[in-house]
């Protein structure tokens, strides 16, 4: 295992110290592993709390700041944080208007946030609403299963719900906007290589030099199928077509197109992918209204990418364009 | 070779199309492979032109925009662009106040920019000044050699000189600021893995699983020495101490500390590294005034990092903090 | 069973999990995200330490400490599931616990896991090992065998039965058909829980 | 030598470079950045195409087309160096070129490379192959041997002499002591240039 780390047991703690030093505008509660917006709680504003296993950086800690999250909880690598962290985060950002929990749809995340909400309710009475993100079309949705994973849409939800909260809208409305983004977003991912969890010290799965995994999540899980490596235009097809099959993206005000790197894929390749995705969308009569290209929700040192499309309307585009000032996403401020 | 690309021969062209689509605020001259600020030429402002081999993304194209570069020339992977490109870029951004060429100190880059300046002089008479970046302490400086490489300081020069140009300062002053940044900046890099040039299809060098290269540049060149892999704190020491030996960083207004990822190293590891570098600097009585952590000047899919320190004063800090609005660096706008 | 017997049970469970940590993680790598061994080991080490730091006075206090520790130290799916199980055990445990009382405690654990995770038998989760264990304990209690050994054997059988299943709950469900052919990691850790009970409580029971 | 002979020389140079492309790149990978073969091949293919598209009328026009094409298609260090060399050759070439004229052309090429790159013999660059080639050409011309073959042999010897050197110019200089033990890629491409001259002009000369 080749990584720029010390003891694998201390990766999260060390990285949090680095984040805190690089971003004095944020507050880091090292004991609870919670990253908080420097001026939290913001009076009268709905607080946005997210979190999940670490290893997806910049998600979620890199999205804390005005216009996006109020706090993020960092779990162990690929392991949901514990309720204590979520309770601390919720209390730290409660400005009197309630708190929205943005939860990716993983059994662990769901249950831990659920426990946290129960604890907050019993404790302080802060009003908590929850939105669950489940945008991954690689997973078949069904009432009888854990359902779809939450992946790329999380970034879009955090940005857009963050903007809605910044406008002073009430908890129910912010939750509704978040739910709308999730309802209109779909994602699909692909791995060229496995990632290596520091504590494990070896790749999670073995992938021969001529194979790739299609339909992966963000936790180094194997994908839905293994296929021979292919050029970018074929990969774009593999990612975009299940998305377009799942939801009709025509007829809106265009899409927000998000091409995400899994951690070890350089930007130049993501731009190549974005070009291919763009061409496919044009062919399908789907205009790209906005775009985001870069490693925003990663899987440690996995090489690969994911595509997320969000069917947008005027409201979502306006909120997408609103100012945001976080370590990983910044504009208009 | 596992890459998200089509034909290796078209990587640059494809990526430029992706960049253009993702950033409609920029203009891309596909024929000349020049990325230009959308509103160029800006009347009365010194134009900043840089460029170099591709494979270092977001450098340079990702730094085009208000407050930073006016244009960037994209060469073949790891190969200096040709003079025609630099001439086209220079003419596109000439707002009447002259143009600064920001050139990394590589024989090829130097000679091609030199030829371009000669061609511009013969042609349009645009006033051109040149600053050469040579901050890499891994290379011994000497009158009898090609001298040091230009690496991480390039990002800082582009930002700070860009801010000076935005203030409306004349060419000589902008060039002087750029030169000052270069004079007070030092860098050192390390590779955990080799990169793979698309056209070559295999790693540039073979690096066993338990070895790393210290003192690498940004072109997949082997480094100065090969050592066993080590924990982040020892790596920080290997990178920081030659920098501190080379220049006295105490006694200024602190340093701008830039921990850069080489392309395949995830952010979480860069934060771990930044924490270690920070602690070392504190131990040496060097306050960190500002910081930058992320993959900004990369080497394709190489895993590893570099550290750049810039000894800052009030002027440099003010220019560093000035608004900038580019794909890869944005603040205050 | 006194609190000391039950403490020994938890300690033995922790010991077995530490021993099998990499194996549990390997199982989770195949169909999940490769952390189940670390998760359980982290939680149980903390639980054992907490029990040492302030030894509980009653079985109920013991289970509560373990449950709270699992919830606040583990995260992931197994933290809330094992945590809820132990908290429910705390709520249902008398002092001391006799065999019939232990049956009740096991039922409470299973109900906690199901309430929290909403899985049914056949979903390829820890429920697939815990359910037959609880049933076998009841049956052996009624028929006069060693209920602890019966429960351990049944858990192991339940675990084996997860191998051919396509997962419907937890991360393994994302794999669809590819989840078949591997035992469930959580069902595997449950067999360690029941094996620990058989060796520490089976004779004392 | 007529323009057609010199065109054949450039074509043969391009053919040899295409043949040795991966070898040149491998040499550059060892002590540079692994693109010398691609760079030279890209430039020379373009030059050959340009010569075909509009066949030059004079040796001078021929060299100018090659020089301009190298400058505008290659980039890196070799683009301006070979480009400047050919442009200087254009400036010094009469029409037709006799052997003495060719000696002048070679001197001009060397001067161009040195003016542009400021390298001296022993810096481990293409100058280490070009300098002895020029000298050997002069000497053979004076003593009555085949100057083209002499130049090719001398270039090859010069190239071999770069192996033990520690580079002082170009990318290889960044490696310090580690640059020793490998031949210089640019010196290697110069040997192809001179070998092409020997086979295409040596008999015609």
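Each chain gets a letter, A, B, C and D, in the order it is written, and its residues are counted from 1.
Here is the rule we go by: a residue touches a chain if its C-beta (ideal position, glycine included) is under 8 Å from a C-beta of that chain, and two chains touch if they have at least 3 such contacts.
Here the structure is a predicted model, which is why all the values come from computation and not from measurement.
Undergrad: Applying the touch definition from the top, give me the chains sitting in contact with each of subunit B and subunit C.
TA: Looking at subunit C and subunit B together, the chains touching each of them are A.
Undergrad: Using the touch definition from the top, what's the fewest steps needed to get from subunit C to subunit D?
TA: Steps on the shortest route: 3.
Undergrad: Subunit B to subunit D: how many Å between their CA centres?
TA: Spacing between the chain centres: roughly 32 Å.
Undergrad: Cα centroid separation between subunit A and subunit B, in whole Å?
TA: Roughly 29 Å, centre to centre.
Undergrad: Using CA atom averages as chain centres, what separation in Å is found between subunit A and subunit D?
TA: Subunit A and subunit D have C-alpha centres separated by 55 Å.
Undergrad: Give the residues of subunit B that touch two or more other chains, as numbers and ranges in rising order.
TA: In subunit B, nothing touches at least two other chains.
Undergrad: Using the touch rule from the top of the page, what residues of subunit D touch 2 or more other chains?
TA: Residues of subunit D never touch two or more of the other chains.
Undergrad: Once you draw an edge for every pair of touching chains, what topology comes out, line, ring, star, complete or other?
TA: Basically the chains just string along in a line.
Undergrad: Where on subunit A is subunit B touching in the complex?
TA: 2-7, 11, 14-19, 21-22, 54-55, 57-58, 62, 192-193, 209, 212, 229, 231-233, 235, 263-276, 278, 288, 291-293, 295, 298, 300-301, 303-305, 330-333
Undergrad: Within the complex, which stretch of subunit A touches subunit C?
TA: 53, 75-84, 106-108, 111-112, 114-115, 136, 138-140, 144-146, 149, 197, 199-200, 204-205, 217, 219-222, 224
Undergrad: Provide the residue numbers of subunit C that touch subunit A in the complex, in ascending order.
TA: Within the complex, subunit C contacts subunit A at residues 25, 29, 31-35, 38-39, 42, 71-81, 83, 116-117, 168-171, 173-176, 178.
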